[in-house]
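Below is the structure I would like to discuss, written out as structure tokens.
Order of writing sets the labels: A, B, C, D, E, F, G and H. Residues in every chain begin at 1.
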Amino acid sequence: MRLTVYLAGEIHSAWREELKKKSLALRLPVDFVGPMEDHERSDSIGEEILGKQPNALAKDMTASSFNNLRTGVLIHKADLVIAFFGEQYKQWNTAMDASSAIAAGKPLIIVRPEKLHHPLKELSRKSSATVETVDQALKALSYIFE
Amino acid sequence: MRLTVYLAGEIHSAWREELKKKSLALRLPVDFVGPMEDHERSDSIGEEILGKQPNALAKDMTASSFNNLRTGVLIHKADLVIAFFGEQYKQWNTAMDASSAIAAGKPLIIVRPEKLHHPLKELSRKSSATVETVDQALKALSYIFE
Amino acid sequence: MRLTVYLAGEIHSAWREELKKKSLALRLPVDFVGPMEDHERSDSIGEEILGKQPNALAKDMTASSFNNLRTGVLIHKADLVIAFFGEQYKQWNTAMDASSAIAAGKPLIIVRPEKLHHPLKELSRKSSATVETVDQALKALSYIFE
Amino acid sequence: MRLTVYLAGEIHSAWREELKKKSLALRLPVDFVGPMEDHERSDSIGEEILGKQPNALAKDMTASSFNNLRTGVLIHKADLVIAFFGEQYKQWNTAMDASSAIAAGKPLIIVRPEKLHHPLKELSRKSSATVETVDQALKALSYIFE
Amino acid sequence: MRLTVYLAGEIHSAWREELKKKSLALRLPVDFVGPMEDHERSDSIGEEILGKQPNALAKDMTASSFNNLRTGVLIHKADLVIAFFGEQYKQWNTAMDASSAIAAGKPLIIVRPEKLHHPLKELSRKSSATVETVDQALKALSYIFE
Amino acid sequence: MRLTVYLAGEIHSAWREELKKKSLALRLPVDFVGPMEDHERSDSIGEEILGKQPNALAKDMTASSFNNLRTGVLIHKADLVIAFFGEQYKQWNTAMDASSAIAAGKPLIIVRPEKLHHPLKELSRKSSATVETVDQALKALSYIFE
Amino acid sequence: MRLTVYLAGEIHSAWREELKKKSLALRLPVDFVGPMEDHERSDSIGEEILGKQPNALAKDMTASSFNNLRTGVLIHKADLVIAFFGEQYKQWNTAMDASSAIAAGKPLIIVRPEKLHHPLKELSRKSSATVETVDQALKALSYIFE
Amino acid sequence: MRLTVYLAGEIHSAWREELKKKSLALRLPVDFVGPMEDHERSDSIGEEILGKQPNALAKDMTASSFNNLRTGVLIHKADLVIAFFGEQYKQWNTAMDASSAIAAGKPLIIVRPEKLHHPLKELSRKSSATVETVDQALKALSYIFE
């Protein structure tokens, strides 16, 4: 049994790399997918494909089309979603992806620093499990295969 | 035809009252529902029902149980969700409620200041419509009944 | 038992009025809903709510947001969809609404001139019933209440 | 990860061949499926299987049965739908397939000349992304695998 | 609490009248709906609406369109389906309606003479309950309101 | 807004009466439904309707048919399920009804003595909220209407 | 692309063998599954597993449990259902399997002699396609792969 | 065709080992999955991942999060659930897993000693089949592949 895991959330830190490396070390039978991690590219993909847009709003609208397309295909393929919330960003996309996972009946692990427990409490209560570090998320993932 | 509209989002400003009053003035056949707006009560509802909890995390966990219970019943009753994002708060609950609406096939109107268009672009692209003011949301609501 | 019927399709002819009047004459317990029939207003609703847009594409994009919002709420309320195809227009919205009805498990009656049977054959085969005139659609509707 | 992509739309131009060839050149892990492209055969498949029909309507009815059977199996297998609208035909089947994809939660890319943006605006707003050329569709498809 | 009950099955005997009369005597808060009971009309409804058809097959095809339209609307409205199988007819429509009810998660009561228990065993095992007489079906219906 | 609440669980104690009386005193706009509370009748309903059965297993099989029929109709009508677990019985029906509610997306309140928290921990984690007394359940219910 | 096809219907004639053999000759990438074809075994499987039952009704009830278990697993795996109706039997199981396929959104081909078109007209209208012979069903199946 | 079977229920006896061994001996193409069978570990997995909790309730709450995560992923992968009820434990998790399977449309085999037929009658009536021993469950499983 192989699982596909979608990694939602913050793209400015190295949490995905850390999780992938450690998962590989444990030889977990997991394929990771996720959003475009190159922030610049994720913001400009609309203009890259459709050409210069008349204003920032239209640039964003077209970029989000292709980002949602990508996310839609990949979350649908996933057996499980891990959503990482950091302290710095608004991360509404992360909340959106996490909620999509819940609504689709896909088990969800939230990773967030303890500091964020209050603003995330309702979403956290709907998740399958909430942890604070990548190592804990890895243990949770690993527990499925025991 | 009467519609039930769930008003997700910020509970610290008067946007709900404004929308309700203006909707009433237009005699729109709409019943509004929404989250607990008394912030204090929303945070303490867990301890109020279950008694003193051992720590802040447990207090939050129990509060979120009753908040999700309430939201679950009311969003299910709604024909339409209006989600308001302000500049000040993280509002992951708003993103969560908005995504739940999308996933349940319920039409969604997002209200957000133009300033927030970038961080909200993917969620906005999935909404039925995104506007900037309560008056615009009212016009959108009113358009359904014309 | 009252039924709500969504009338999809052409907004330039008087077929809706004819159907409503004849349905009323038969005292069928039916409430009719449908898309915005004022073409001008349906095209400009985006700018009316959100203000002047930078180009025709953006104007259309915003208008379609509010039209889809309206349609989404109303088709969801309907027990049955009647979709009218005339000879003159492309009417992709009609095909879209008809397909949405099929996908949502809502019975669908297609009204189309015999001339159109060939290009509509696949959609017609998926409908509950296909007729050629408003009078025939009325008979089909009336048959449900016998 | 391999994806299956259903190519809905116009069967009289070479857009499918172009897309397949360019996709192959990029070594995208994609399997393409789609409707019967031999127009003559698609129109006569009913009589070919069931024998001579009494009139054109019955011929169409039987042909559409087998075309819908084929489409039903293949769209169900697809992870993603690309729908091409050209200027010349009514293409209600394309609108029907595109709407089925949306209703089934399958990401949808619409390809249409800019000229068609007005009549397609509502369907376009419901798609994941709308582009104008096969090359742009290919970039969107390719973006999923980055 | 009022319930809507769809009465599927044989239209040549008086079982519906018996059930309705006895239900009325018990003042059960139930609204009964069901298929067209005038066999002649049910067979000719296609030609009545669309005019003379080229052959018996086409006559049946059109009649079934309107019968399925009617049944589709009414079963969707029902909270419960009661399906009656008699000894004389093939009654594939009854099996079809019963299966539709099961698939839609609607509770199903099958009424059939003991003699038919063998050919109906698989369908019966999928029903909520199987009884032999109209009086027993009435008791089952009445039990819901106790 | 009126809510229908299904009261699953133990039928040997007076918890339902207590909850109904207190809910009435608060004038909550709630209609309560639930399983047959007369244990004897619930066990013999199969024989009462279908006559003497050959053995205890068959008696149980037929009784459960009518009990599931009743429960199926009533849970489907409910907006919310409250499930009460006492210390004395196995109450697999309560667990079954609670799980059905979760699976159908209906908010669920579990009432159980603290003593039972361990064996109920997984089900409790899936509920919307878990409380220990009828008074607490009432507060949770009442919170929805504030 | 390989397809799994469930063959519902009559188990006393050789239609399945004929279809499988001809499909193999055409090298169609198809795996066929279906109900237990040994009638005797299908009737006695309940007693074979659970031991002697008290009466014919109980024997049937237990047999149908295991037959439905088998069918449930296999239809769920199928991409497509082919249902064969012969002239001799009641075949309510066939109607049940065909309706299950329709309800699950699985394309359905009905095979029936022309003689049966009248009693099967409503089910036939809901199928993807209806044919008269195994050869025609094979052509329909083969058309999907062209 | 390979099947994945989820083995719900009692973790203190050797029934899973017995079933796996006998299934292997028959070379059934089956992959078995199931809950964490090390009771101690299943109870302490929350603290193992998240660290010492303030009280027994919190310890249970966290453990159940990871157990539900595991179960959620594995039941979703299963084609079929076998649920074993023994005489000694409350086994509400077993009832919960069995109900989840039913709600998800997954065929369910219940294994229980005859002694338990009364308290399990309603759940048993909703299962695909109920048997008394592991050998009987194996025969039922094996019957699917014949």
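Assorted remarks:
The rule is short, and it goes like this: contacts are C-beta pairs under 8 Å (C-beta built on N, C-alpha and C of every residue); 3 or more make two chains touch, one makes a residue touch a chain.
Computed from a predicted structure; not experimentally measured.
For the pair subunit B and subunit D, chains touching both partners: A, C. C-beta contact counts were set side by side for E-F and A-C; E-F has more.
Over half of the residue-numbered contact pairs at C-D are shared with one candidate from F-H, A-C or E-F, namely F-H. Counting every residue number used by either copy at the subunit C-subunit D contact, over half are found in both chains. Across the assembly, the mean Cα position most removed from that of subunit D is the one of F. Here the spacing of subunit B and subunit F, counted between their Cα centres, is 31 Å.
Distance between subunit D and subunit H, defined via averaged C-alpha coordinates, is recorded as 43 Å.
Subunit D and subunit F have Cα centroids separated by 49 Å. Remark: subunit F and subunit G have CA centroids separated by 39 Å (rounded to whole angstrom). Contact of a single residue of subunit B with at least two other chains is seen at positions 61, 65, 68. By the document's touch criterion, interfaces exist between A-B, A-C, A-D, A-H, B-C, B-F, B-H, C-D, C-E, D-E, D-G, E-F, E-G, F-G, F-H, G-H. Subunit B makes touch with subunit A in their complex at residues 56-57, 60-61, 63-65, 67-68, 71, 85, 89-93, 95-96, 98-100, 102-104, 114, 117-126. Listing the residues of subunit C that touch subunit B in their complex gives 4, 31, 33, 36, 45, 48-50, 62, 65-66, 68-70, 72-74, 76-77.
Every residue of subunit H that touches subunit G in the complex is listed here, in rising order: 1, 3, 79-80, 105, 107, 109, 128-132, 136, 139-140, 143-144, 146.
Per the touch definition, subunit B reaches subunit H in the complex via residues 54-55, 58, 61.
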